[in-house]
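Could you have a look at this structure, given as structure tokens, before my questions?
Chains here go by letter, A, B and C, matching the order in which they are written, and residues are numbered from 1 within each.
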């Protein structure tokens, strides 16, 4: 469901930033519903079916054209940590807690879930989290490179909104190009000439005229996304 | 010798975590024995022979199936830093000191020694260490991403033991899979379907039944490693 | 012009470290001259010409054989941040400020400019900087992994000189090999045997004799660079 929603939003050219958050303020996500295992992931065959859905969700987040901001209240564990790692920015409260203690269930994190963690915080941090299985606080998550910013719990929504506004105030095409280029740089295949020159397309956009005029006039630009 | 010991331990399915430490508490490793150079590494030909042994040791650590935890008392310099970087977790004391000042000898760090440092802390940190050749303290090592955790010197053994216990309490197969997957993700070749689906094998293990039942019963699981 | 200067310096075997700094102490670089856009980057075609020069400069910094140290006074924004990221060490003052707010102009950072940022600080930090477009202080830059060291503003030149001296005191060939090896490790193609064995060439240098004798005599080595 999250994957489909993100897919729909990604196709909407009018969007400038998507905030991903949990329902309520108790948790971004407390992780998987363990009770569900008996019916939906009781063995390898079921788990493969379930995994296809989960990994399609991860892919939808990975492919989203618009900036994704995780607004993290409270617990951010297991599948929640994986979703947060797939967002572009992560803003959490001082009381947030993180971890992925699946080794206590005898389970392993799949490649499409581990790869974003490794990309975000490095192999050593990802392995520490999975091998020790500790639940740790926001300060440690920041220190480990897992979150962008930690604010007092009461200010998480305000700061997330402010960051989203800063992003939305920028030229939308620039944001999409920056996401696209950053993703491309995690791929090791050499860039084609066409790819290398794509960064110059922005000079022929209406938004560059708008941004440039606004800069000279010392006022805030009002971008149109074209 | 370290390489052979690790190779033997790696093959032992009953193991759950290996602690790597120096003899005594004065040093994890003070680096290479410089006096040895005159007899064992006096020129390029000798150095190549010596290097083959060193790099086989590095490879044995790299290939070890079980979690490796470096328990770092005191100095962790040169070859010691390289060994620590090849472990999965690194726990040191506040008085520990780090560095790789081989530029003072006119020598260079080989690829199999530099690669783990780069993977752990990034190219910029690895180069800073090698170009400046400074010896630095535990706080700076933590800040640079070289160690997992810094504790008071008197608590290094206790914390290393506690971390090893947390690791050993988890499902051993999950630990090995997590190590294998993390290592695989540092390789840029695309994953095969068989590789992508290996994460589902855990659902058919006895340990998953044990972990799941323990979770429902709210008791600690007692994993069997199968 | 910077690119040509670096190219010339790189070819000089007598050099041991290059300090890159701005004119005066107000800024390392305040970023691009926006007024210049009207005449030199008014559209895609002009921007491509301009970009070729910029990217040749980036390539010259990337290819420089000697250690590069960025001595950062004050502002380090946009193109300045990109140049700093292409250096090996970055030493700045507590009052320095960083950022790349080009999304306010509707422009995007090109691959050859973004790649060094991503290599230095990771994809998440690079994207945060580009998407939010904030200007941030030295402490945050350090926290993000963008600078090597922050010192009081009045001590930037002194610390940069001291670090350059530490680098220059080392064996110059070792410094060049370490830079070469570090760069090579960011390339994912497998190492050839010849490449793997290049690390042993240092054992046949005169500087190894000098370094080894100095170590035994407990005096500072006086390297010759051969």
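Please note the rule applied: contacts are C-beta pairs under 8 Å (C-beta built on N, C-alpha and C of every residue); 3 or more make two chains touch, one makes a residue touch a chain.
These numbers were taken from a predicted model, which means no experiment stands behind them.
Among the remaining chains, those touching chain A as well as chain B are C.
The two sequence copies chain B and chain C touch through a face in which the numbers common to both fall below half of the numbers used overall. When the CA atoms of chain A are superposed on chain C, the rotation angle comes to 120 degrees (nearest 5).
Chain B and chain C have Cα centroids separated by 29 Å. Chain C has residues 188 in contact with two or more other chains.
Interface residues of chain A facing chain C in the complex, by the touch rule stated above, are 67, 88-89, 119-120, 145, 148, 163, 166-167, 169-171, 173-175, 177-179, 181-186, 188, 191, 195-197, 199-205, 207-212, 214-216, 221, 223. Listing the residues of chain C that touch chain A in their complex gives 34, 37-38, 41-44, 46-48, 51, 102-112, 114-115, 118, 122-124, 126-128, 130-134, 188.
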